[in-house]
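Here chain A shows up in two complexes: once beside chain B, once beside chain C.
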Partner chain A sequence: MAITIKFFASLREQVGKSEVQIELSDSLTVGEVWAQVCDNSPLPIHILMAVNKEYSKQDTRVQDGDEVAFFPPVTGG
Partner chain B sequence: MKVEIISKIFNPWEELQAYEKTLIAQGKYGAVATFVGTMRDYNEGDIVQAMFLEHYPGMTEKYLQTLSETALQRWDILDTLIIHRIGEIKPGETIVLVAAWAGHRAPAFESCRFLIDELKSRAPFWKQETLSEGVRWLDQCH
Partner chain C sequence: MDDAQLLRYSRQILLPQVSLTGQEKLLQSKVLIVGLGGLGSPVAMYLAAAGVGHLVLADFDYVDLSNLQRQIMHSSAELGQHKSVSAQKKLQALNPNVQITLIKQRLKEKYLKNIMSDVDVVVDCSDNFATRFALNAACVRSGVALVSGAALRWEGQVAVFFPAEKNSPCYRCLYDDNDEQTETCSEAGILAPLVGVVGSIQASEVIKVLLNIGDSLCGKLLLFYAYTGKWRILKLHQDPTCPVCTLK
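Coming up: the complex of A and B.
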């Protein structure tokens, strides 16, 4: 299965990429997706996560075709 | 109900008036509560020259739509409006406009407060400030 992963703001600069596509043989959680694309580095403490443009948790399971996003605490308004 | 992400400078009072004229039934509301957020030229002891506001296209709009729907269900209000800037912003320019129309002031104030507080704590926007010595993101993962 294929999923798209996006990074935003300071996290995009830290990770060094804005978007990647990966092929998976098993269903992973959002936390496992992070480990896979970020060389098993630990998930940053205040990181926020989304699946298909809705907030998710680290243990949310990812399905084929999903868009997963990682971003820092928000600072709008 | 309207949610708009805008990349150009906007006048919040003109937007408010325009929305009110076209979409709200005159005579039906007795109160409109508004919040306007403006860019300061200082932050955390530094002079800020400009700001860049990034968002998550698709998710930010969706989040603000859901937030507006929640406010409309939770309070006895008639309508809501949210306009938020993205891109390059200069001091003195409007960053955000939030407004809520209601029959009475209490639900108008309360829902307007709810909308701006939730927007600030959960809507996917990120500010990067330009200082004389370079740029800095306002919040980072630790």
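Coming up: the complex of A and C.
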């Protein structure tokens, strides 16, 4: 199955890419997708995750054709 | 409304979704704005100009030279002044009809509960998780709508929460309260007009919530990245394990 992964805002520079497509043989969670694409680096604290533009947690399962997106946390004001 | 007020608000009254009825509703509304910095500046100035009748302004900080690049409610003449006093001066000059109440100390939980009792909307313009979680919990307990905004670097976020609705998510559903701090504007930097964009969206959400019109960002998170000019809206869900929502 194929999924698209997107990194938004400052995460693009941090991760060094803005969009990746990967082929998976079995279903992964959002957290596992991060590990696979980001060389097993730990999931950053307070990072926001979405599957098909719906807020999700790291244990959400990803399906074929899904778009997984990661966003940096923002608290300044 | 007298003739001067009718003229002052005429361009807004012209909007069929607002009309005279809506303007009168705004004049009778009370909004709490927490944080009078980058976001609080456009929020307070637009809500005062638009004729929100009573603004409660909370901040404990003083105007610093490094604030003036983006906190447009304060000016060079107010350096060293308490932000709430500087804000009051600016807003009263802008619209003397608006009633202003100042909260100059850090928001304590007990105090928050009192304030919440007759506030229509809370606008979170603060700059740290601790305040954001405390405000959210107080809003959920009192069933008061929360318009939350945040900005850093080139990145902004806005979300609206209606805790009075049964399955609505809250700010704590979005972020975990694990004592970790994220970066601040003094560490990571911030683009001046970004707070204008985010704060102005917050102010328009407040007006929609007060008048109960339009499609609000309720239950949604808007993300804006000024560097590429891109927006995204995510749908939020109540977290079944959220410790704040489960107390509802």
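To be clear about the criterion, the second predicted complex is superposed on the first by the 73 of 77 C-alpha atoms of A that agree within 3 Å, B and C clash if a C-alpha of one lies under 4 Å from a C-alpha of the other, contacts with A are read in each partner's own complex, and residues count from 1 in each chain.
To be clear about the criterion, a contact is a pair of C-beta atoms (placed from the backbone, for glycine too) under 8 Å apart; a residue touches a chain by one contact, two chains touch by 3 or more.
Bear in mind the structure is a predicted one, so any value in this text is a computation, not a measurement.
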- prompt: Between chain B (first) and chain C (second), which does A:Pro73 come into contact with in this model arrangement: first, second, both, or neither?
  reply: both
Statement: Larger residue footprint on chain A, choosing between chain B and chain C, goes to B
- request: Examine A:Gln14 and indicate which partner it touches, taking first as chain B and second as chain C; both and neither are also allowed.
  value: first
- prompt: For chain A, what residues appear in both contact lists, the one with chain B and the one with chain C?
  reply: 8-10, 45-46, 48, 50, 53-55, 69, 71-77
Statement: Listed in rising order, chain B residues that touch chain A in their complex are 37, 53-56, 58-59, 62, 84, 95-96, 116, 119-128, 137-142
Query: For the complex, which residues does chain A have touching chain B?
result: 6, 8-11, 13-14, 44-48, 50, 53-55, 69, 71-77
Query: Which chain C residues qualify as touching chain A in the complex?
result: 35, 37-40, 124-129, 132, 149-157, 174-176, 178, 180, 182-185, 188, 190, 195, 221, 223, 225, 227, 230, 232-237, 239
Query: Contact residues on chain A for chain C in the complex?
result: 8-10, 45-46, 48, 50, 53-55, 57, 69, 71-77
